[in-house]
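Pasting the structures here.
Both complexes below contain chain A, partnered by chain B and then by chain C.
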Partner chain A sequence: MDDLIVKTITRIIIPFIQVYGIYIVLHGHISPGGGFSGGAILGASLILYTLAFGYKDAAKKMPHHVGAILESGAILWFLALGLIGIFAGGNFLTNRDAGFYMGNLSMLFNAGLIPLVTLGIGAKVASTMITLFHTIIEED
Partner chain B sequence: MKKILAIVVLTGLLILLLSSFLEMPVLGSIENPSYNDTTHYYLDNAVEDTNAPNVIAAIITDYRAFDTVGETVVLFTAIAAAASVLRVLHDDSNKEKVKH
Partner chain C sequence: MQLLNVVLVIFLIVCAIAVERTKDLLGAVIIYAAYGLVMAVLWLFMKAPDIALTEAAIGAGVTAILFIGVISRTRRME
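This part shows the complex of A and B:
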């Protein structure tokens, strides 16, 4: 697709979509939202980029090896956070007893495990969406 | 004959589903079986336990975090299966292997 209007609008609107997605992910433990919905918004912005600029440009911005690193890294990050609970003497994915930083109520970085897990899920969902889309549309 | 049989079977199924649907508790009623001790515990203690104002996030990433690990593994398995089926030929070294 080679359309000036679509490209210009996409270039203007993508930063707003991504800022909103990051906001949803980071505020997952305060306001409605969380890793799955915020990651879906981030992935949708990258899909919009692919649709407007074509696969070749999008593959430069988001190559497959970055997607692979995000995929495996996010799930390993999640499991490592769970294992911290075991090494601290509790169950898998212990939150308060494992010594995570609790902070004050409704600040951005409090609630220990929850924002960290949400961050991992957000990266995972975004990279899953964009990797699946690129894998399906790329032609030999 | 087949049509009549299908209609009879589907009507029976409709009556069965409707009768069980009428027995269901009203949505949001305080008498619901799902409104039990677990719900009370979450509503009373979630903010103290996790320090997160969003109780839903506290449930899905703290109390039921192992379930969320499962969901993430499902995502990972889906992407691994799709990539292994669709992306074999895109790596040059694999292309050689397939040809020979």
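This part shows the complex of A and C:
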């Protein structure tokens, strides 16, 4: 667990993994991918950090209460976006009829509430992965 | 392409049989990660790239690491 090569490679490679995960989350509605895949990649980057640097350092970077706030906040964000549709007079998760900005295909945010919902799913999946792994690995 | 597909499916079946016949649980987890990686390539051949992305991240990465975490808390041999 205390290897210089592993630590250096991890420090170099983690930003690229995270940029790739954020790319997949943000482009979930126009290219393959989406909230679940991108969130899993984001979570895997912090799992890699935990494996290379040990649980104590990782718990400083990503404490339990931050994970709890992210998880609960993301699912509340999802529910609030869905309830906007109900208050606008449609069904749960109504997209265009509730007044979300549709844009056109040349823009990044172009499908109404789909990118916003995907952001919430990405944050929830990433924090769930990290919390699951930290709960298994922590000493009691 | 057809031949590669057949080879990958045969490798998948061999992996699936080897996982349940291995007595060493750590070895079984590593064979399972290889199974997930080959399954991701097969999803790509079946024109489902988003499922392939998810399978490569979840099946080959996170699941294997979670299983290894569980094995480190319990015993290694079956």
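Keep in mind that, in the parts below, the second predicted complex is superposed on the first by the 139 of 140 C-alpha atoms of A that agree within 3 Å, B and C clash if a C-alpha of one lies under 4 Å from a C-alpha of the other, contacts with A are read in each partner's own complex, and residues count from 1 in each chain.
As a convention for this text, a contact is a pair of C-beta atoms (placed from the backbone, for glycine too) under 8 Å apart; a residue touches a chain by one contact, two chains touch by 3 or more.
Here the structure is a predicted model, which means the values were calculated and not measured.
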First (chain B), second (chain C), both or neither touched by A:2: neither
First, second, both or neither for A:32, with chain B first and chain C second: both
Touched partner set for A:132, first chain B, second chain C, both or neither: both
First, second, both or neither for A:92, with chain B first and chain C second: first
Partner chain in contact with A:43 - chain B first, chain C second, else both or neither: second
Superposed model, chain A: greater residue contact from chain B or chain C: B
Contacts of A:124 with chain B and chain C, given as first, second, both or neither: first
Chain A positions touched by chain B in one structure and by chain C in the second: 32, 34, 132, 136
Chain A contact footprint on chain B (complex, rising order): 47, 49-54, 56-58, 60-62, 65-66, 68-69, 72-73, 75-76, 78-79, 82-83, 86-87, 89-90
Footprint of chain B on chain A - complex, ascending: 28-32, 34-35, 64, 71-72, 74-75, 78-79, 82, 92-93, 95-96, 102-106, 110-114, 117-118, 120-121, 124-125, 128, 131-132, 135-136, 138, 140
Complex contact set, residues of chain C against chain A: 49-50, 52-54, 57-58, 61-62, 65-66, 69-70, 72-73
Chain A residues touching chain C - in the complex, by the definition given at the top: 24, 32-34, 36-37, 40-41, 43-44, 47, 51, 129, 132-133, 136-137
